[in-house]
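Down below are the structures I want you to see.
Below are two complexes that have subunit A in common, paired first with subunit B and then with subunit C.
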Partner chain A sequence: MSDQVEEVKITWTGRIRNRAEKNLPYDRLMPDTQPAYVVSWIYVAGVLTIAALAGIIGSGVILTFKGPTWWHTSASGHFVNSLHFWSVQLFFIFMVVHLWGNFWMAAWRGGRWKTWISGLVAFAVSIGAGLSGYAIQTNVDSQWIAFQAKDGINATGVGAMFDIANFGQMMMFHIFLFPGIISLVVLAHVVWVRIKGVVPPIDAAKVEAAIAEHAASTQAGA
Partner chain B sequence: MGFITTPLGAHYFQWGWFSVSIGNIATISAVVALLVLAIVVPFPKEHDVTPIQREQDQA
Partner chain C sequence: MMDLKARQKEIERTHWTGPLRRYDIVKEGIIACIVVAALVIGLSALFSSPDDKALTFRGWATAMPKDFFATTVKELAGTSDSATYGPPYNASGDGQAVGPITMQKWIGVHEPIHTANDFVINPLIHQQQAQIVQNAVVTWLKASPAQQATWATNLDNAIQDPKGANGDPSKVPNGDYGPTPLLASGLLAMASSGALDGILPAPGDFYNSNNTKQILFMGDGSYLPGFGDANHLSGNQWGMMNEIGDWPGQQWLMPFSFWYQMPFVNSDATSGLSATMTANGDVYVLAIITIIMLLHFLIPFIPGLRDIPRWIPVHKLIWRQYYRRAKQTS
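Here is the complex of A and B:
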C-alpha cells in the first residue's frame, strides 16, 4: 500500500470508505488475538457492560409491547420487569468497574481521548436513562421519585428541557432518545477502541523490553 | 456511630455527618470487591495468545 498513490475521492462516501480502509482494516475491526497484557479480568468489564445493555434493551422491547398493566399484574410481567431492573443494576456495576479500571491505567493515553470522552458521555446519558426509567414505572414510587427529582433538575437549570414531572416526555426520553444516544455512543466507543487498540498497562513497554532482553539472552546462551 | 431505621423502613449507617443506606453501601462494596477481584484473580491461560505471551510462558 505504501508504494501506491492513495486515490482522492470527491464524494463523501468515497472519502469515508478511504478513511475506514486506512484506519479500520478488517483485522483491526474484528481481531482474533490481543496483546499479552489483555489476559486479565479487568479487560472483561467493558464487554460485560455491553452484554448488560443488550439485556436492558431486549427486556425493554418486551415491556414496550406488553405495557404497564402486564408488568404490574402478571407473573411473567413481574419477571421481565425484574430482568429489566437487574440488567440496569449490572450495567451500572460493570460500567463503574470498567471506569475505575481504565481510570487507574490512564486509558486515555496514546491518542485514546475520544474513547475516554465517549465513555464519559455514555455514563452521563445512562444516568438520565435510569432516572427517566424510574419516573415512568406508573406507580406511586415513580410519582414520588419524579416529584422529589424535579426540584434537583430545576436547580441545575435544565428543567425546561428535562421536565421529569412530564410523563410523556420521560417516556419518549426513556424508550427512544436515551437508548438511541447510548447505543450510538457505545458503537463509536467500541470503534475507537478497535482503531487505537486496547490500552497497554502503564509499565507495558518496560515489561516487554525486559521480556525481549530475556529472550535475547536465552537465545545467546543456547 | 450506629444504625438507624427510618419511618419508611430503610436502614442507614450514620457516623457524625456521614450517612449512607445499607443497600447503597452494600452495592458500593460489591463494586469495589469486583474491581479488586478483576485485578487479582488470574485469567484462564487456555486462550490464544500473542508471541510475547508465548515467549514469557517458555521462559
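Here is the complex of A and C:
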C-alpha cells in the first residue's frame, strides 16, 4: 500500500462551487454597503419591479387554485383578479422606468452587457406573458384580443406554435412557461448585478480624481 | 499617471473601492413589497378591473340575424376571411409577407380549418335538426365540391349585390342556391337557441380547450369587429393598448400600437406599394419592432447608440448627489 495521498480530480460540482465563491461571495450576494453614488430614486425601480412580480405570482397562485372563471362569479374572485391586474400594470411601469433609468446611466458599461440584455429579455418575455394572460380572461376582452392578435402572430409564422385563440395552450403558457422563463431570467439578471456591482457614474474617474487632488492639496497646506 | 479615460474603464470593470454608504438589501426588499402591496390593494379597491361578459353566437344571431346568415353563407362559399386566410388554418392563401420572406407560408398549415365543414355542416350534423334541414345537409354532402361552391357562391353574390339584396338575405331573388339557404337558416336557428355556442368548438367531443374556431367564425361577421370599433379597440384606434372603459390596457404595447397608426398600414390604395404594405401591415409592423428590439439588445456594442447617455447627460441628474461632492471639494 502506498503512503501517497490519492490526488482528487476537481469535480463539476467543485468547479461551480469555486466559481460561485470567487464571483459571488456572501458580502456581494447580500451586501450591507453600497458605493456612495448609489443614491437616487431611480435605483428603487428595480426592486419595485421585483415586488410587483411577487404580487403577480401571489395573486396568480390564488387564481390558479380557484380556476379561470371563478372571478366572473365571485366578488372576492373579482378582487383577486383586480390585484393581479394592477400588479401587472405596476410591474410594467416600474420595469420601463428601470429600463430607461439604466439606459441613461449606460448601465452596460464595464462588461455589464449580460445584465442589460437579460433585462430586455425579461421585458420581451413579459409582453408574451401579459398577452397570454389577457387571452385567458374568458370574457369579451380575451375574445377581442385573440381575434386581433392572431393576425400579427400568424404573420410571423409563430402562430403555428403560439395560437392565441387556443385557450388551453394560452393557459399553459401563462401559468407555467412564461412565469418560469421570467423567474429564471430575473434571477440571472439579479445575480449578474450582484457579481458585477452597480455601474459607477459616467464621470466617476473625474470625480474621484478631483476629490483625491483636493485631499492632497489640503494635506500639503496643513 | 493613468489618464482619466483608462481610470474610468478600470473603475467600471473592477469592484468599487471608493467611498461606501450603508445599505440593507433585505430591508429595501421588504419595504418595496409593502409599498407595492399597498398600491395594488388600494388601486384594486378603488378601481377594480374590467370584466365584460363574452359575446356569444346566440347574442350574434339574435342581435344581427341577417349578418349571421350572410356570414354562414360566406363560410359555405369559402369567401369569408377565415376561408381565405391561409396558414396556419388552410392553404387558401399565402398569408402575409415582407417581399420574398413569407414566414406564414413557410411554416404552413398547423391547425386545419375548413370553414364550411367546421363552422356549418359538422355543428348541424351533431345537433338534432328539423327534417327539412336534415335533408338539406344530405343534399349538400352528396353534391360535388364544385356544385357546393356554385350553390353557395351564387347565394353569397346575391346577398352582397349592392343593386339587389345589398346584404339583406330576405331580399335575395330566386336562384340556383341548392340547399344553402336551408343550411344557413338551420345554423341561424341553432345559434339563436344557444346550441351552437356549445357544439362549435368540438362537435361530438367531451373535452375542448381550443376556441380558435369560435374566434374565427365570430370575427368573420360584423358582430365582434363592430364591438371592437365601438369600444375603440381596433388596431388603427390605438386598440392594441386600449381597454374597454377607462381602465388602462396593455400600455407596454405602445411601441407596437404606434406603428399601426401610420398611413402606410392604413392605406385605401388598391394597388402599388401602399396597398401591399397595408395588406401585409402586421408583418411589416412586427419586422420594424424586431429591428428596434434588436437595436436595443445590441446597444452596448453599437458605437453612437451606446454613447447617447454621454451626449445627453441625464446621468448628471441621476447621480447629482455624487457629482455634487466633486463640486464641493473644488
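Assume the second predicted complex is superposed on the first by the 207 of 222 C-alpha atoms of A that agree within 3 Å, B and C clash if a C-alpha of one lies under 4 Å from a C-alpha of the other, contacts with A are read in each partner's own complex, and residues count from 1 in each chain.
Note that a contact is a pair of C-beta atoms (placed from the backbone, for glycine too) under 8 Å apart; a residue touches a chain by one contact, two chains touch by 3 or more.
What you see is a predicted model, and the numbers here were worked out from it, not measured in a lab.
In the superposed pair of complexes, A:Asp203 makes contact with subunit C only, with no contact to subunit B.
Using the contact criterion defined above for the overlaid structures, shared-chain residue A:Trp86 touches subunit C, although it does not reach subunit B. A count of residues in subunit A touched by subunit B and by subunit C gives the higher number to C. Legend: residue contacts after superposition of the two complexes on their common chain; A:Val96 is shown touching both subunit B and subunit C. Once chain A of one complex is fitted onto chain A of the other, the partner contacts of A:Trp70 are absent, as it touches neither subunit B nor subunit C. When both complexes are overlaid on chain A, the residue A:Ser40 reaches subunit B and subunit C alike. Of the two partner chains, subunit C is the only one that A:Ala52 touches; subunit B does not reach it. In the superposition on chain A, the residues of subunit A contacted by subunit B and by subunit C overlap at 32-36, 39-40, 42, 44, 89, 93, 96, 101, 208, 211, 214-215.
Contacts from subunit A toward subunit C in the complex involve residues 28, 30-40, 42, 44, 47-48, 50-52, 54-55, 71-72, 78-79, 81-87, 89-90, 92-93, 96, 101, 103-106, 108-113, 116-117, 120, 123-124, 126-127, 130-131, 134, 137-144, 146-148, 150-152, 154-157, 159-161, 163, 165-169, 171, 197-211, 214-215.
Residues 32-36, 39-42, 44-45, 89, 93, 96-97, 100-101, 208, 211, 214-215, 218 of subunit A touch subunit B in their complex. Residues 27, 30-31, 34-35, 37-39, 41, 43, 45, 47-50, 52-53, 55-56, 59 of subunit B are the ones touching subunit A in the complex.
Within the complex, the subunit C residues that touch subunit A are 4-5, 7-13, 15-16, 18-26, 28-29, 32-33, 35-37, 39-41, 43-45, 47-55, 87-88, 95-96, 103-104, 106-108, 110-111, 209-212, 214-216, 218-219, 224-225, 227-228, 233-235, 239-240, 243-244, 247-248, 250-253, 256, 280, 282-283, 285-286, 293, 296-297, 299-301, 306, 308-310, 312-315, 318-323, 325-326, 329-330.
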